[in-house]
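Sharing a structure with you now.
Letters A, B, C and D mark the chains as written, and numbering starts fresh at 1 in each.
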Amino acid sequence: MSTVAVRELTMADALNEALREEMELDASIFVIGEDIATHGGLFRVTAGLLDDFGPKRVIDSPISEAGISGAGIGAALVGCRPVVELQIFDFVTLTMDQLVNHAAKWRYMSGGQVSVPLVVRGPISSGIGMAAQHSQTLEAWFVHTPGLVVIMPSTAYDAKGLLKSAIRDDNPVVFLEKRLLYARKSKVPEGEYLVPIGSADVKREGTDVTVVAAGQSVHLSLQAARQLARDGIELEVVDPRTLKPLDMDTIAESVTKTGRLIVVNEGPRAGGFASEVVARTLDHVGLSAFRAAPVRVTARDTPIPYAASLEREVLPSLEDVLAAVGRVMQG
Amino acid sequence: MALIRAFEAKAMELFAEKYIRGSVHPYTGQEAIAVGVCGALRDGDYITSTHRGHGHCIAKGLELKPMFAEITGRATGYCKGRGGSMHITAMRHGMLGADAIVAGSLALATGAAYGLRLLGEDAVTVAFFGDGGAQQGIFHEAANLASVLDAPVVFVCENNQWAISTPIASAINVEDIAIRAAGYGFPGEVVDGNDVLAVREVAERAVERARRGDGPTLIEAKSYRITPHSAATPTDTRSPEELDYWRERDPIGRFGRHLVEAGVATEARLEELARRAREDVDEAAAYALESPYPDPAEAEQDVYAPAEWLTPGRLA
Amino acid sequence: MSTVAVRELTMADALNEALREEMELDASIFVIGEDIATHGGLFRVTAGLLDDFGPKRVIDSPISEAGISGAGIGAALVGCRPVVELQIFDFVTLTMDQLVNHAAKWRYMSGGQVSVPLVVRGPISSGIGMAAQHSQTLEAWFVHTPGLVVIMPSTAYDAKGLLKSAIRDDNPVVFLEKRLLYARKSKVPEGEYLVPIGSADVKREGTDVTVVAAGQSVHLSLQAARQLARDGIELEVVDPRTLKPLDMDTIAESVTKTGRLIVVNEGPRAGGFASEVVARTLDHVGLSAFRAAPVRVTARDTPIPYAASLEREVLPSLEDVLAAVGRVMQG
Amino acid sequence: MALIRAFEAKAMELFAEKYIRGSVHPYTGQEAIAVGVCGALRDGDYITSTHRGHGHCIAKGLELKPMFAEITGRATGYCKGRGGSMHITAMRHGMLGADAIVAGSLALATGAAYGLRLLGEDAVTVAFFGDGGAQQGIFHEAANLASVLDAPVVFVCENNQWAISTPIASAINVEDIAIRAAGYGFPGEVVDGNDVLAVREVAERAVERARRGDGPTLIEAKSYRITPHSAATPTDTRSPEELDYWRERDPIGRFGRHLVEAGVATEARLEELARRAREDVDEAAAYALESPYPDPAEAEQDVYAPAEWLTPGRLA
């Protein structure tokens, strides 16, 4: 029997613990973002940090996404470990130059002289009627950017362990938090633990179909799995947790077993993460390993609409996952 | 102003009753700015707006029914329910659109102003934005570009002292945002944003200047939002003293007292107008709630403008 | 015998002609960018336009990529047809917010009230030692952005016809020009013609392997095709020309014929356009249509290095294409 | 200054001889700025640079051999040939890196300055950028952020009057870029960038101020590039009169005359120094050309810093 106390924590609280623990261990860590200090962040992820670590390490910034990201890079170059919050991740569009042309390339361009231990984190807030400019799922852009690490946790446990790893990692990390998961609880042990970067987690074992999904999509997939289990169809749900680097070994192993692949992703279909998983898995396991063509379950290729009736329609749904399983089971 | 005040009160109600998703950013307390500025515009002029845009819409002459229908996500809304509270666009009223990206529309307004001039129209475009938005890079680029293009645009910075939980004093090290105009070579004016007549006067000057072809103006209207940042972010850490200070300077009350003192209107008449505003708002809200939701089958419409390549099954 | 005179034009001159012809037809068109007026553009694409159309329609802008893109959107909203040049396309990182959160979404968010007839064009300049910040091939980001049209021509003929179509199209178009193709000549008839958006062109017919490639990669693929023809292997080179919308009918038809697919793309592999083509083709033709697993020939997942010995190594090469053909022919 | 002048002359030669790919942006004519500013710095201070960065590197004390090796793409270069002329980084000399994105490094410099302070060091960071860069949004965001963070950073705007083919007068509607500092609440100073002593004096003040913890300064050094924009963009439309005007104000000639008049040096001595500079440069260039090219097998190295997940075959 484990002697470690285990609590149920929300993902927001788990992320807050990760920041607190790491900031206590390492004085070179500071967090900066809009409304993160006195207000504790719109979603409470940085709540209380100002009191414990003071205004030099917990900074309410002006509304300057590019500026604070660039400042984070500069501070990282001289030995700090900044954690930059983007209040909503759609605003990363304002700082692509700093992240892509600077954070991701500085080490390589310098011939390995420097590293950029920076974490840029924030929420993906689709599904709650925030409309087109506050609901994007953009991980595919970062997966396409050499030099970046991309993380998207689905549980409080993974979120805490991965954020701690991200802060300790010497590379620039894009850390994506699903708004709807902040309040979701899962078991989190007391005290120190890390979740390794680049390692997937099989959230549910199954023999018939491999479902690759990260973040919110994991729960949609598990829901489908529970329902299909009644009909005797067993889904294996693989949560990469890290999208770049991607743990292809685990994915390939699963697909080799099931012969069927479904990728669930909340971003638009064209050029999305699902396409990448399909193409790479083919490279790894070959054509013959598949009993059916892989299927991508994604959002429609539209901006995210405001009205509930429309937003529900464009985002991937349980029905979409079930239909995809139907397709791959027919072969 | 009373109409805006009543509209926002109703919107907050509808949010509480879950008729509105996402959020609502009430314009309450800043009404004099939109009313004063839009009063200086004429038909054919344009505005761009922000996440806190209902007041701009009403002041520019948009109708309450399609506004409420939009923010409650109905098919009868200005944007067929696609945009919601933060994205009301109404081209037929010269409303180019509200933008949920802080300061995101400043370059759009500059380009619209330049484009209209190129097309031979003598229209003026006004871009509303907040004090927090003045720290965005696009403010700098749009202002400088407008200056070198002599674009007939007026930048209206609504300095309500706060950006969510961040006081303007912690976001900048200067007293007035307006002084930044000097760095671009056009006038910057500070005005009491709670005095509708003062705002109107400054706006007339700026609009006239732009229409003459003399280029942009930056107006900083000092005001205050007397309600929390938004329905989704209700926590408000601001001191009661500060709130009281500004409530006393409520633009509606001030203008009302002015009208009464000037003998233009009676207390009773003002009461009457406020009541009518509430009635109009209730009626419009009722209309919205009776309107149908958008048909899910139409979710993929309007991503692209009609084009010969836009045939079924061809879209990537 | 055709009565239309046909000249050999460079892609730069063909693009210049397209701009000139459209600007003569439509007074609402203006071009804006850095050094495009008096200097005529770093690569001469806008040469001479200032003299013919004056400073109100041919504008040397300050160095403000986001500002000029946003201004282009605003002008488009009120009825102009702006053509914005990004001096080097890597600088699009500075204006992702204007293009993605504004240009691509404004029509949808407005419920179809407005359209954004904007063209944002510029060079992709890898392969010439311009190093990491001036050598990126970023089309995958735009393919992943609903609301945008993405075009990448490979010949002077296509470039002229497509740019004219792009300017007339009512949607925001990202128009990508390969720096190394500017000086390349091809036959261009005198006078008016258009190349339709969303239609691929089979640049070479073949029976054994379908090679999907756009821009510079087309010529790499044709080179491989000529070489392999000697050994009796016939490549069919399909140039989509428009990456979004993608002409899947033409691609699917070709793959159905050959049963083999190679996608050549100069961007980094992870999350790139090649992955999208592989995944979508599988959707369209199904598993059984393939005799071999599709292969992606792309750049390595690194920033682009400066030194020739390194840049050559990371970019897709003729050897890479030949090796890929070897793989798919073995099945 | 003579060393920089000789270095750039040699670099242009090497480009003409195809030893250098891409481009070279000579610093010729602006030497007094880098030398004056870096002279005000001490060990432990940092700089960021631009596409026109060779002068900054030499003034900060970088060695000629690994510089030439880098711009000729050799394994012995500061960046192993990965960066080239526009991306020389040399951490051991306090050179955080040159940036080919115009104005791209201003926020980096601000963050480096703040970070060093947080780590308990009293270092100062200088960010060099051009007049054209002052129209970028990141200039605005970095300057304002530096102000509210009291970051010990000095922004040095090298106003050489032109951005490729675009005169500064057509890019802004103000006389001096320096006045923009007022909009952020810190000093902006204009200095004759061709007078090395004047630059040094202004820089000392700004660096001292930053080190004291009093925050940033914007220095606008008026100067001129007397060579074309770059090796890859040789066309130069500027008038001969304008070029002559500035050649007469050549910073090296001026400083030389000053030294002679002051009796500190003789014409002969200056000749001697210039000759030595050319010799050092030739020697360094020869070293570079004898150096090996980077091994293609190493092309994928240094994309990521060492990490436990960085095992072969695992990278996405």
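We adopt the following convention: a residue touches a chain if its C-beta (ideal position, glycine included) is under 8 Å from a C-beta of that chain, and two chains touch if they have at least 3 such contacts.
The structure displayed is predicted, hence computed values, not measured ones.
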(request) Check every other chain and keep only those touching both chain B and chain C; list them. (result) A, D
(request) Would you identify the chain whose Cα-based centre sits farthest away from the centre of chain A? (result) D
(request) Using mean C-alpha positions as chain centres, tell me how far chain C is from chain D in Å, no decimals. (result) 35
(request) Just give me the whole-number Å value for how far the CA centre of chain A lies from that of chain C. (result) 31
(message) From the mean C-alpha coordinate of chain B to that of chain D, what's the distance rounded to whole Å?
(response) 44
(request) Any chance you could list the residues of chain D touching two or more other chains? (result) 79, 81-83, 87, 99, 101, 104, 135-138, 141, 144, 148, 170-172, 303, 315-316
(message) Residues touching two or more other chains, restricted to chain C: which are they?
(response) 62, 64, 66-67, 90-91, 94, 97, 101, 108-109, 131-133, 143, 146-147, 244, 246, 270, 300-303, 305
(message) Which category does the touching pattern between chains fall into here: line, ring, star, complete, or other?
(response) complete
(message) Show me the residue ranges of chain A that touch chain D in the complex, using the header's touch definition.
(response) 28, 30, 56-57, 59, 61-62, 64, 66-80, 82, 97-98, 101-102, 106-117, 143, 146-147, 149, 169-171, 196-199, 242-249
(request) Over in the complex, which chain C residues touch chain D? Could you list them? (result) 34-35, 38-39, 42, 60, 62-64, 66-67, 90-91, 94, 128-134, 270, 300-303, 305-310, 312-314
(message) Looking at the complex, which residues from chain B come into contact with chain C?
(response) 46, 48, 77-83, 87, 89-91, 96-97, 99, 101, 104-116, 118-119, 125, 137-138, 141-142, 144-145, 148-149, 301-310, 313-316
(request) In the complex, go through chain D and note every residue touching chain B. (result) 135-141, 144, 147-148, 170-174, 179-180, 182-186
(request) Spell out the part of chain A that touches chain C in their complex, as residue ranges. (result) 90-91, 93-94, 96-97, 100-101, 104-105, 108-109, 131-133, 136, 138, 140-141, 143-147, 244, 246, 267-268, 270-276, 278-280, 282-283, 286-287, 290, 292-296, 300-303, 305
